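Sending over a structure as structure tokens; questions will come in a sec.
By written order: A, B, C and D. Residues from 1 in each chain.
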Amino acid sequence: MDILTLHIVVPVLTLVGISLVKGQNMTRWTAAVGMGLQLLLSVYLVFSYLDAKGISPETEVFFTRSIVWFESLNIRYDIGVDGIAVAMIMLTSIVIFTGVFASWELKNMYKEFFIALILLSAGVFGFFISQDLFLMFLFFELAVIPMYLLIGIWGSGPKEYAAMKLTLMLMGGSALLLVGILLLYFGAGALTGTPTFNLHELAAVDFPMEIQRWIFPLTFIGFGVIGALFPFHTWSPDGHSSAPTAVSMLHAGVLMKLGGYGCLKVAIYLVPEAALEMGWIFLILTGISVMYGALGVIKQTDLKYINAYSSVSHCGLVLFAILMFNQTAMNGAVLQMVSHGLMTALFFALIGMLYSRTGTRLVHEMGGLMKTLPFLSVAYVLAGLASLGLPGLSGFVAEMTIFVGAFQNSDLFHRVFTIIAISSIVVTAVYILRVVGALLLGPIKKEKFMNLKDATWYEKLATVTLLLCIVGIGLAPLWLSDMIMNSLESIINQLTGL
Amino acid sequence: METYIFYILAGAILIFALLSVTTRRVLRAAVYLLFALGSTAGIYFMVEFLFLAAVQLLVYVGGVVVLIIFSILLTSQINDRLEQPEWLKVMATMLLVVVGAGLSLFVIREYDFNISETAMTAPTVSDIGLKLLSYGPGGYVLPFEVISILLLAAMIGAIVIAKRMKEND
Amino acid sequence: MIKGIPFEHIMIFSTLLFFIGVYGFLTRKNLITILISIELILNAVNINFVAVNVYLYPEALEGHFFALFIIAIAAAEAAVAIAIFINLYRNIRSINIEKVNEMKN
Amino acid sequence: METSLNYTIWILILPFAAFVLNGLLSKRLPNQVASAISIISILIAAALSYYLAFVYFTDIGKAAETFMAIKAFDQTWLRFTESLQIKIGFLVDPISIMMLIVVTTVSSLVFIYSIGYMKGEKGYNRFFAFLSLFSFSMMGLVVATNLFQMYIFWELVGVSSFLLIGYYYDKPSAVSASKKAFIVTRFADLGFLLGILLLSYYGNSFDFLEISSDNGAAVSQMGGITFMGMSVLSWALLLVFTGGAGKSAMFPLHIWLPDAMEGPTPVSALIHAATMVVAGVYLVARMFTVYSFGAPDVLEIVAIIGAFSALFAAVIACTQFDIKRVLAFSTMSQIGYMMMALGVSGYAAEGLGFTASMFHLFTHAFFKALLFLGAGAIIHSVHTNDIREMGGLRKYLPISHITFLIACLAISGIPPFAGFFSKDEILAAAQMHGMIYFGVGYLVAGLTAFYMFRLYFMVFWNKNQPAESKVHESPSVMTIPLIILALGSIFAGFVPFGNLITTNGQVLETEFHVSLAAATVGIALVGIVVSYLFYAKPSDRPERIAKSLGGFYRTVYQKFYFDEIYLFITQRIIFGIFSAFIAWFDRNIVDGTINAIGWLTAWISSRIKGLQSGQVQQYAYVFLGGVLIIGLVFFYYWMR
């Protein structure tokens, strides 16, 4: 079996395993072992990708495989990865691995929880390895739907409302997306004779402008909804704040990245002319997202809301960078996806851990936690520093790549929006430091915080894994950046019409 | 002679049917239905579908109608009168029915039926039996079996429903 | 084939019978009378099948068998329906169709 | 030649390793081991730096009578495009070596001093970890080969400053001071970043040497493109200067520096006096060629802001009572001096200002570090920051007293102490450029002498300590660094800067202006005498003067209400209006729209739901009606 299919098979086997074993301990260990295997597999994938790329630098997509699925509709099980997908797969397996440990102590219907969680991750893995739009859409839906259960059953607060809102909005987005995909499919059928879902075959089709003008907004908004594009982002604060820890991690860390990835690989790659023509509309929206999310954070008091809005800002930056239409900025976008995925997962994990100890998520009710919870607090500070773009941590690499790329567009319109986006780093610093100051520093606010217990081994494992990745990318970004950069060639070629 | 019998039968069926759907006493409606169904058996006799006619009499007249009458006795007082349907509803239904019937009749009038000249040889009971159990062309073993299952299911269903009813009491 | 009776007459007759049944089905409120109307409709259909068989396709027996099966099904249906009616009557003391909305909501 | 400089990488690696080691193992290591790790690493780095300086100035640096810039190494770290790459490198040229010497020297002394000062504090190991991080970042900044490397380490020094100011993290004032420092400098760094991006977009390089090669030819094309009346190059350089101004606490981005004194005193000495705050000066000096050729207009702005900050801070310093805040404003004032010197400087033969600025940076590092460490020793002994509660300490703290006096003399510009020489050069350069700068500089020199001796007299003379006072001298681990720095403050002025550090690497002939020197010393003496009259003995004269100045005094005492203005802008306008509006808008308008759509759907469905009545007859009507309509439609077409 090829390595990519294994990425789906391992979670599925883990699911089977979980449903067979009994008891909480067995269940979580099965999940942990399965996802640990998945992590190793992804690491192996990274190395074999780098090897393969080293041998044939001209090839774009590796480990391809194409099995006919529905012959009459020309739907195929087309899989393969390029550097971007490899990076995203790596991110996903890290986040799901740590997510399992973040939900280690879950008591209520743990078996079903892990099943839904891992099913979701299987959907994400499938999404990233797909080279066929139909398959991609299928996995996309597979990733979105367990979310409803995960939030609706294991969430907190107004969970039914949040779950419903999130699911409906994402479904609305995917409905638009489906229309876009079908337009592509039948459009290709009308133009070349054989309708196809294959990404690369579609890329070769020269769609007339009238169709492109429909496809681009449909697909971009369709993916943009899950990428928290203003004004379709409101599912994010409610959803994240109601979701259980691991789900928030996976959702903000990985699922929101499906949006950016899809915008890049579908909306822009397949209909480049319309993208170039209509990009400015969405650039305004993303520019608003970035600043709006950042300013919106300042007034929030719930840690999860804070992180959700900051995710809106950071994910806005991803789409913003994609719309800059140059290799550097797009590289930055992918780096930002990876970096934001890691740090937001870390944030949500830490918030969950703090919540389980203090019983509150409101910033002003906490204070001085650095004294009693040094490990978690230091991790939180580091996550915060990564989020505000401190050099040596992953956020800096991503943001700087985006900014340098964005600056390559020299007209006034792009300049103004670039400067707005760059200004957000100051606002980010403001809100991060406010939170850190209120939460961790200062005198201890409540008597009961005096004897809190610091992280347990599984919490440490989750935190350290994420931190290592953040620091690792922050200190040595070149390999990742080059890996992504090389995979952007074909998209750039599409845009420049080569 | 046969012509008259047919028209008499047809007229009787229509009248009984009409009475059956308009009478305000449930039991009478059931009795009118009995007459209508019985007369239908007469029509089957006339086309020499003897077995079918017998089945009609046995199953409908002897089974279904009796069942209906029993259920009426179980569920309503003998002197109960059904409420008069609302005038508006009657008019609306009339309109619907008349237009529908008109349309159908018009189609019947317009359509050129291809009447076969060959005379029909009436099927004997053994023909029917063979056909029912044959699986060759013109055989009905599959629907026969399906009907068997259906009857079985209906029987079980009826028993189950009746049983549960008792538990509820 | 009945001598002297044109096919159209039988058709007209069965059509009228059918619509009388429909009329009953639509206007009645008592479930049993509705069942009676349904039996009338089925009966009209049966006559139709038989007539078509005899007049148009005398060499085949499809109409005959269809009628046979319909009778069987109608009987089964009547049995189940009446079981339900009685059950219903025991539960809500009524077999008026407009009052039967327990399943709703 | 390249290979022979490979050891320079250890100057960066050692402190970093110390940081990582102390940071990860802070719980497990005994205090002595932790401090030993940090101190040994910085001492080795210092030794290497001295060796490098020696080798560079005597051997490898000079080619054709000019000091060359050498890249010891330059490793690609992140690739944006083929030409735009972030490299981590090690640039060796006169100013980077000068800064390295300053940083390693002061760091080493502060590290040693901290052993005594921080003894018994909680988080002792953490303190040394952060100090090592700072030293690493500062040296990375100093030796940066390109703008982006500088930005990276620029941010890192910012964060180490944040961490160290907030060292007493359970003290709310320290927390808010650290936040303020970080956010204000971050805001300035935004300008720096934009400047970098603009420069690199037009110059197509981040590299200092490439940008400033051929007198800035690479970026000179930017001069042609104008935006809002100024060339893009000027904008870019102005933005870069904004970053420098933020770090160096130039007006109006100075508000964080006084508050930053919440950190432990060694931190103030190292970061907020000697090294980090002069990074802005260093930045402008590093890009001086470009400024000088590309945007003289920006240099003028630099000079104006420098001069204004110098005056502004000096005036405020005269009114403060917190010993560290006085020193903080004095730092700001002195850095304003350096900035002004850069601003008034020309290139090559007119490059006196540049040399003077670097010279002052060098000497200032010694005496200001000495002042802070001395203040630390005093605070350590009397446990208060308020100079009104001190007095008569000269008997109890003899070593601190002498060294503090030396530093005060040095900063006031009394010969032969270090400050005299550098200040004299600055004033000479200002005089060449314009009398207004000279006037401001001259006034500030007098004010400096006044407020420094005000401090000196109030602390060491004035009233006597109560007899039962248990104040005593600090341990030798703290006094030895004081003595070393005092020696530095005495002798640093004799370094022949004109020969070593100039705008173009060639020797700059500096002459000694007797009349100017006399005038400078004169005003300094006036300042000292005035403060002697006011403060040497307890008297009510200062109070009376303050009263007579009334509102002006209060305004100055409140630092011209700048904190309040900033607070108003950030809290009220940005947080109170913008953020609150967005939070409201998001919940009510954006989310409200979404919810309204959901509500509308639910409403419509509840209406439509009525059709699904469950009444079979109703369905039958609809069904039959539908069939009939379809039938009639067919019928209609059939008839046609």
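Methods note: a contact is a pair of C-beta atoms (placed from the backbone, for glycine too) under 8 Å apart; a residue touches a chain by one contact, two chains touch by 3 or more.
Since this is a predicted model, take the numbers as computed values, not measurements.
Undergrad: Starting at subunit A, how many touch steps does it take at minimum to reach subunit B?
TA: Minimum number of steps from subunit A to subunit B: 2.
Undergrad: Tell me which has more C-beta contacts between its two chains, B-D or B-C.
TA: B-C
Undergrad: Going by average Cα coordinates, which chain is farthest removed from subunit D?
TA: It is B.
Undergrad: Using mean CA coordinates as chain centres, what's the subunit A-subunit C distance in Å?
TA: Centres of subunit A and subunit C (C-alpha means) sit 62 Å apart.
Undergrad: Taking the mean of the C-alpha atoms as each chain's centre, how many Å separate subunit B from subunit D?
TA: Spacing between the chain centres: roughly 100 Å.
Undergrad: Report, in whole Å, the distance between the mean C-alpha point of subunit B and the mean C-alpha point of subunit C.
TA: Comparing mean C-alpha positions, subunit C is 5 Å from subunit B.
Undergrad: From the C-alpha centre of subunit A to that of subunit D, how far is it in Å?
TA: 36
Undergrad: If you look at subunit C, which of its residues touch at least two other chains?
TA: Residues 22, 26 of subunit C each touch two or more of the other chains.
Undergrad: Please list all residues of subunit B that touch 2 or more other chains.
TA: Touching at least two other chains: 96, 100.
Undergrad: Please set out, as single numbers or ranges, the residues of subunit A touching at least two other chains.
TA: Expected reply: no residues.
Undergrad: Any two chains that touch count here, so list every such pair.
TA: Final set of chain pairs in contact is A-D, B-C, B-D, C-D.
Undergrad: What part of subunit D is in contact with subunit A in the complex they form?
TA: The contact residues of subunit D facing subunit A are 76-81, 84, 86, 148, 151-153, 155-156, 159, 162, 166, 169-172, 175-176, 179, 182-183, 186-187, 190, 193-194, 197-198, 200-201, 570, 574-575, 578-580, 582-583, 586, 590-591, 593-595, 598.
Undergrad: Looking at the complex, which residues from subunit D come into contact with subunit C?
TA: 613-617, 620-621, 624
Undergrad: In their complex, what parts of subunit D are in touch with subunit B?
TA: Residues of subunit D touching subunit B: 621, 624-625, 627-628, 631-632, 635.
Undergrad: For subunit B, which residues count as touching subunit C in their complex?
TA: Residues 2-3, 6, 10, 13-14, 17-18, 20-22, 26, 29-30, 33, 36-37, 40, 43-44, 46-47, 49, 52, 55-56, 59-60, 63-64, 67-68, 70-72, 74-76, 82-83, 85, 89-90, 93-94, 96-97, 100-101, 104-105, 108-109, 113-116, 118-121, 123, 127-128, 131-132, 138, 140, 143, 147, 150-151, 153-155, 157-158, 161-162, 164-165, 168-169 of subunit B touch subunit C in their complex.
Undergrad: Please name which positions on subunit C make contact with subunit D in the complex.
TA: 22, 25-26, 34, 97-98, 101, 103-104
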